[in-house]
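Note that the chains are named A, B, C and D in the order they appear, and that numbering of residues resets to 1 at the start of each chain.
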Amino acid sequence: MKRLLGVALGILTAIGGFVDIGDLVTNAVVGSRFGLSLAWVVVIGVLGICLFANMSGRVAAVSGRATFEVIRERMGPRAGLANLGASFLINLMTVTAEIGGIALALQLASGVSYMLWVPFALLAVWLVIWRVKFSIMENVTGLVGLSLVVFAVALFLLKPDWGALAGQAFTPSVSGEESVGAYWYYAIALFGAAMTPYEVFFFSSGAVEEGWKVKDLVQSRINVLMGFPLGGFLSIAIAACAAVVLLPAGISVTTLSEVVLPVAQAGGQLALAVLILGIVAATFGAALETTLSSGYTLAQFFGWPWGKFRRPAAASRFHVAMMVVLLAGVAVLATGVDPILVTEYSVVFSAIALPLTYLPILIVANDPQYMGKHVNGRAVNVAGLVYLVIILVASLAAIPLMIATGAGA
Amino acid sequence: MILTDVLGSDVVDNSGQRLGEVSDVRFAVDASPGQLLSKARMVGIVVSPRTASSFLGYERRGITQPWPVAQLLRWRHRGSFLVLWEDIAVIGPREVVLRPGFTAYESTLAF
Amino acid sequence: MSKAKRIHPLKIRPAPRPAGLVLDAQLHLLDRQMLDVDGVPVSTVDDVELSGPEPDERIPEGAEAPVISALLTGPVLGTRIFGGRPPSSRLIRIPWSVVAGVDTVVKLGVRSDSLDASWVERWLRHHVIPRIPGGRHDPH
Amino acid sequence: MSKSSRSLAVVLALLAVIAGLVSGCSPRPSADTLEGPAKEVSSAVRAASLAVDLRMTDSTTASAASTAADDMLGEVEAATDKIHGFDAPTQEERTLRNDVLASFSAISRALLHARDVLTASSGEPAASSDGQARLATVQAELRTATDQLDSLMTKAGIQ
């Protein structure tokens, strides 16, 4: 019974933990501009993150080595440092976006400018990182974040023309108003939003934090294989809500206040309140995960003691680094840059940097010195290679498309 | 001497003909036990004709997955060999000179 | 750079197999995590120091093979990435005599606090963390 | 890997050059260059209309609706700034630019009123006839401004 409860909890937190500000914004933007014609990308992204998280979780559980230790060991210090630089920058962008997301959601709830909420969000994130246990932190934000299910409920309440939605999803085409370049640019953005590297750093380091052993692998696999697809389902619901309400009204999403309009229309103030709670929890959880991830990557590259299971005094560099990252993120927000814009760029840069973290994990997952008999099976390797190609193509195409379309404008 | 001084040095035979680059240095831990672990004695150097970046040591181990990454890296390191300490005349950061009549051994590991 | 002369594959002989553990430095040592006797991360192996021979000097026939004298960490990482070489006094050494085992990690047989390699960690622990409330307690 | 970091540097340098070129010569008003800002404003004013609608049926809170109106005001300001930077050497181009700017400022005004009414609507129940009347007024103003922009866009050849 206790075990079953653990599995259920794991799945629920995986759903709540999947959606962050990047998924929220990107899916709503895409839904309001392209309808459901990019839903297939979410499916590909979710399968990819399942594969990637499963592989890095297995490496962490079997060898006890988290992702960035492996990256440095396999790629050497020079390529490893380039990798660290890229990953760290994206983490920083994501931290900034998530803290901005918390503040924007609190503005929706209160009407008080988000800038005034930023210091509050910073303090709350830091306090939790400093003082709260890993498992509590993960479960609480995951469970509360689950209230984003209100998007799916709202979709039903809107009574959409299901046939038309399915038509958009299954026979994708670019509508007359939008350019083909923008379509593919947002395809990459959605892919990057689903396969954010920090999710993998966090997942593999979390496996070490919670002391996973080989016997825990089954549970981790269930969590990932159930939780992430359900999270992907939520993503599609976000896009569908925007496609049903905003697309026909000629509204293309640029702010969080537009993202919530369809849910308010469908479910009124109650649904809106639940949604804002869900957004705060999801972005708060993601802010914790990205802040921890930036600490993880630095500590693992340089071989410092790390982990929330250690007292701050026993992992001093790790904890100090995280404080610096949080302050840097808030400093970026203080310049007045639009957090939504930061979010939109962060998901695309995630896609660009993805091969750097994916390839070393794919290689080590095949290395018997680390993995013993738990090396990748044939089927996983075939899927792994297919995704290697997809990830490489997305990464290489991203910058030319960004230039050609003016970042999807 | 520091290890990374040697890694990447050119390897030449006694007539000055270039044979490749030092891609790794092999040690054996097999002498009488010290305090915790025995001394690590240098066995020799691994010479790669093309590139010093060992990356993953695919050429020295029987790993063939993930295809084709493994195959590609193996191919980059084809023809690499091991030269024992006894056959090394000079070690320096620019150049490693081998003794006349050195023997090239397979660089594979016993994994 | 002149093209390397190929050694004919047939001339490459099977290698003698030493009895004990065989370590290829780049493959098994460099960039590996070092853990202390309690499993606490100490640092990474940024470089390896050997006893002899003097660089660019002729090695006499029958000379004793060099051994690993210490694992190096600290500023040497910067010079490995960007080139150059730190002065010998700035190298942080972890003598080979305290190494207890080499696996996917390098295990040391002593406590992290006894090593120079963790001085930054200790400095922050004593000068920064205590100024912030709650830093010395376990998280709830 | 050092090779790829070098090519990254090349790409970034190219990006910088392109950015320099784009910002160096300011565009002139035409159907093409006005399309982006006009669509942004058209989307913004419709979003604010929707927020007011939702507030009238009590589906959304005063805070969320006024935040939406405020955000949309920011969007219109950004689009206005873009068009202010346009060069308009010919008389025809100047007229077009001024028409667009006039339409944007009408929308800005409407949004400002909407925001104020929405913010004020927090105390009273939205169903009160007073509140409803005020909301209906700003909704009408938003609609008029939207129609103006639409007809201007059709005239200028922006789909």
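What we mean here is this: a residue touches a chain if its C-beta (ideal position, glycine included) is under 8 Å from a C-beta of that chain, and two chains touch if they have at least 3 such contacts.
These numbers were taken from a predicted model, which means no experiment stands behind them.
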Farthest chain from subunit A, comparing Cα centres? B
Which of B-C and A-B has more C-beta contact pairs: B-C
For subunit A paired with subunit B, centre-to-centre distance based on mean C-alpha positions, whole Å: 42
Inter-centroid spacing, subunit C versus subunit B (mean Cα positions, whole Å): 18
Suppose each chain is reduced to the average of its Cα coordinates; what separation in Å results between subunit C and subunit D? 59
So what's the Cα centroid distance for subunit A and subunit C, whole Å? 36
Mark out which residues of subunit D touch at least two other chains, giving numbers and ranges. none
Going by residue number, subunit A touches two or more other chains at 75-76, 78, 369
Give the residues of subunit C that touch two or more other chains, as numbers and ranges in rising order. 30, 80
Every chain pair meeting the contact rule: A-B, A-C, A-D, B-C
Complex contacts: residues of subunit B adjacent to subunit A: 53, 55-56, 63, 65-67, 69-70, 111
The subunit A residues in contact with subunit D across the complex are 75, 78-79, 82, 107-111, 177, 245-246, 249-252, 254-258, 260-261, 264-265, 267-269, 272-273, 276, 399, 403, 409
Subunit C partner, complex, touching residues on subunit A are 63-65, 69, 72-73, 76-78, 80-81, 130-134, 136, 299, 301-306, 308, 311-314, 316-317, 319-320, 369-370
Subunit C-facing residues of subunit B, complex: 1-5, 7, 10, 13, 17-20, 23-30, 34-43, 46, 49-50, 54, 56-57, 60, 79, 81-82, 84-86, 88-95, 99, 103-110
How about subunit A: which of its residues touch subunit B in the complex? 74-76, 359, 362-363, 366-369, 375-376, 381, 384-385, 388
